[in-house]
Amino acid sequence: MANTEFSYVKSFELPDSLPPSNFIVVRIDGRGFSKLCKKYRFAKPNDRRAIDLMNSAALEVVKSFQDIILAYGQSDEYSFVFGEGTQIWERRSAKLATSVASLFTAEYVMQWNDPKFFGGNAEEGKEKVELTRPFPSFDGRCVCYPKKKILRDYLAWRQADCHINNLYNTTFWSMVLKGEGMSGTAAEEELKGTLAKDKNEILWSRYGINYNNEDAVWRKGTVVYRAYDDEENGADGQGKAQKVTARPQSKSQLEKERKRKMKARIVVEHTDIIGDDFWNKRPYILGTGE
Amino acid sequence: MANTEFSYVKSFELPDSLPPSNFIVVRIDGRGFSKLCKKYRFAKPNDRRAIDLMNSAALEVVKSFQDIILAYGQSDEYSFVFGEGTQIWERRSAKLATSVASLFTAEYVMQWNDPKFFGGNAEEGKEKVELTRPFPSFDGRCVCYPKKKILRDYLAWRQADCHINNLYNTTFWSMVLKGEGMSGTAAEEELKGTLAKDKNEILWSRYGINYNNEDAVWRKGTVVYRAYDDEENGADGQGKAQKVTARPQSKSQLEKERKRKMKARIVVEHTDIIGDDFWNKRPYILGTGE
Amino acid sequence: MANTEFSYVKSFELPDSLPPSNFIVVRIDGRGFSKLCKKYRFAKPNDRRAIDLMNSAALEVVKSFQDIILAYGQSDEYSFVFGEGTQIWERRSAKLATSVASLFTAEYVMQWNDPKFFGGNAEEGKEKVELTRPFPSFDGRCVCYPKKKILRDYLAWRQADCHINNLYNTTFWSMVLKGEGMSGTAAEEELKGTLAKDKNEILWSRYGINYNNEDAVWRKGTVVYRAYDDEENGADGQGKAQKVTARPQSKSQLEKERKRKMKARIVVEHTDIIGDDFWNKRPYILGTGE
Amino acid sequence: MANTEFSYVKSFELPDSLPPSNFIVVRIDGRGFSKLCKKYRFAKPNDRRAIDLMNSAALEVVKSFQDIILAYGQSDEYSFVFGEGTQIWERRSAKLATSVASLFTAEYVMQWNDPKFFGGNAEEGKEKVELTRPFPSFDGRCVCYPKKKILRDYLAWRQADCHINNLYNTTFWSMVLKGEGMSGTAAEEELKGTLAKDKNEILWSRYGINYNNEDAVWRKGTVVYRAYDDEENGADGQGKAQKVTARPQSKSQLEKERKRKMKARIVVEHTDIIGDDFWNKRPYILGTGE
């Protein structure tokens, strides 16, 4: 039969399962989003509708993949964290990265026209913004983090990046758009080599802006996570932490786990995840055990 | 600075460049498309608007990536072939698979509402079909094929698969939907173990269908390729084949190559790619050299 | 220059660094050692000279690679554990596996002729055993273990394997070689499906052997490790545990670490490593931290 | 049973089979051989016994692995080429690299004491050279080459490297050891930036050395290959080339192939493998087909 003659070509598909007992982060990034920001005239330094759309798309992705324990997003990027023991698709790297990137894309472009985002809103005096080619798309990759502490450092890295960029952008665009208005080049020149406190000072002294009063969505980015803090999950209101172990779970354990996940609330917050506080209050996110 | 303290986490991103001098096939597959077919009541055995939408999305992907030399699609899958020497994104596997899957997804859902597809068409009496969650999405993977002959066998494998499935489906759905109408189980039972000629015979004797007259889009699937068959590219009307070599090209060669690709026509056909004829007439697709 | 024309071939060497913050186990196995046992008439069930030679070769490997924190061997296999933060050869997998396998091989065949092993020993009435082709050789592979607990489970797996095989072999060869002497087939048949306690009972009732009195080298295998239990390293006589962290170390930390390793004793023991006792007494082996 | 509790650790061993239809080169390199050359006072620029030992060890490796079609060595390195269709150990990378490196090591240290090499030879007035720790060892790696042309470029790269280094070393050591004797630094200084013809001129004009008359083992390195040039294999005295195809072979084909390999002669030569001549005369080495 014709098919058997050719089917040896399947042997060229190499296995790509990620190692067990590692958190899997799928990070997606907008492709060519600096062009896209200009094309659709996103507000500077930050566009509320654009970030709300990112967060709304991410929320749907988290809903869709039960094994995502937490997601963190800022600017045009989002990191989706799968639990260290996830068995989804045998942990196949390409399957995971493409499924997440594809679903995120579908949600992003489908929700674009929502009145909450770019669909136009007569009441608020917002015009519809028509999507045209090239349509928004996202690339992605899987990265494995072997330990809770390192996963937290990864997330801290992204949130620190958010802070650094947002402080810079807030200052830069104040200098360009407010007061007498500097040229971009002049603002860039002046900001070269400045520290955080210098930028805070510029914002305060020249524009009366207290950076700490800026909206947390810009300063902290967005965390989306499954919360197990109801009565059923933990009498202390914090949720029970599951003991995570590398040893495989029995079928009944897996079934119990699946039901537990279905009951979880999904929470969206703009809060600090660098310090210990967030994690100490929600021990169920990373689980206990090494 | 906070960021340097955490930036070691970047070292967990392992390199994933695919080996040089291999054709790279990015194959995408619809996620959960059997459910989706039912949900949107796609016609059986084949839905014209659905396949036209697939092909239209694929065309945009081919347009968007100059290094795609050919794509082949059938049912809810599409294979995009990048030239064996492509240097796009240093041949990084995750970047390639996610970018293609994401762009295809964006095109698929954005074009869905086109009157040509599911947007409704009063003239043709077609109603609009509203997309609802879960939105269509696609997974994908990269596979390397080291030689022209093997790449052709890969494509032949997909086209043989198209033929086998379509002959089966055409027969099965004729038995179920035409004449007195068998139950699915009964049709399945009768078809068990039948050869191609048996199915052809059933189609002809019972339903007056000559399978070879079925539309080629179903029998052969769809080929999309860059054609270099104009005067400039080849006096013989077949296009000049480029000599492909594993040795790196100079900047001026790369620039020349880029301009050549921009001038290429993109062709969509439903034709046999198992035999030699297609390839002999278009030597420029795979190039010469080993 | 001729060389530049060809040097593009280097690009086919793909990177193979193992992920950071994982213990790296290089396990080597004798190639074709069941044949080799017969050829050199190794004693059954266990040959003292052969196992001593394995352990002596392993000791030299541990001495040679400062980053090996512990090794465990039994039968014709040895597992060498590199510390989770090792930076040796950028953690390149092939370099690690081949270097260990090659050095072990060199030591094994060079020490073979030692009077302690197969070099002959007039005093003890042992004849020299000449090595002939095919010479002993060993294959190997690297495996990453992301957490202390899992590394311990790996080592427990090997030691449990040692126990199971040795109990079986001790019983089997007693049945064949002692008393009236059964055929191999008959002994195999009788042992089929027996539990540990059944084998213990056979050994005791038929041959007066208390399995627990068998030499620990057979029952437990061999552990080789770097000990930091001198005064300098820990006042409590147990050695100070180093805090291991995924974050990169400074040069002065690395230098301090190097000196510490040079001062360590290397210890060879036949002891239980499945329970907690061994590890609790030597916290410096795996270090503290997650 | 204890073993099942731990056996999940096997899942951390990731598959590492190399892609089909690629030549697999296992290249081994002496570890720390510049030190070793000094320690054993190898003759400069080249030591005959040392290179003969390398070649003799390589010969045994080629004999031992039927799927090696050719090996090329120079200095302290050797490249073993496995046929593009080899199925040995499912083409597992670590298994291949460690087995070759280990066997080569065993042969190297076991043959060291042969009178032909460093075992001492009263007749020729050569003293025995005792091997002491650290014993010679070799690291290795697998590299895949997808096409005949690229494999040839790889081998050409190694042979060009041999030529370049040997011409340099021959000139350098003539300057240092012959005539009045320059210092190493002075010779190095004078050779900086010289071309091949300059070095040839220095050799001829100052030391009366015609580089082309130097022994081919130094100028060309060493090729070891399986020859199929007997009557049975090819009436033309060149041997029949096998058609190599990526499609899997039947059992009877594999058996036939195995017998053919067993009958092959193994040839050791010091000849040019950069040009076409060597390959045109021995089409059976790489086979026909793409």
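Note that the chains take the letters A, B, C and D in the order they are written out, and that residue 1 is the start of every chain.
Note that in this section a residue touches a chain if its C-beta (ideal position, glycine included) is under 8 Å from a C-beta of that chain, and two chains touch if they have at least 3 such contacts.
Worth saying up front: this structure is predicted, and the values here are computed from it rather than measured.
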**Fill in**
Shared touch partners for chain A + chain B come out as C, D
**Message:** Farthest chain from chain A, going by mean C-alpha coordinates, please.
**Reply:** D
**Asked** Using the average of all C-alpha atoms in each chain as its centre, how far is it in Å between chain A and chain D?
**Response** 51
**Fill in**
Per the C-alpha centroid definition, the whole-Å distance linking chain A and chain C comes out as 44
**Item:** chain C residues counted as touching two or more neighbouring chains
**Value:** 8, 12, 14, 19, 21, 144, 150, 153, 246-247
**Prompt:** In the complex formed with chain D, which residues of chain C make contact?
**Reply:** 1-3, 6-10, 12-14, 16, 28, 31, 60, 64, 93-95, 97-99, 101-107, 109-110, 131, 133-145, 150, 153-154, 156-157, 160-161, 163-164, 274
**Complete:** In the complex, chain D touches chain A at residues 5, 8, 11-12, 14-15, 17, 19-21, 246-248
**Request:** Using the touch rule from the top, collect the residues of chain B that touch chain D in their complex.
**Result:** 19, 21-22, 144, 146-150, 153, 245-247, 289-290
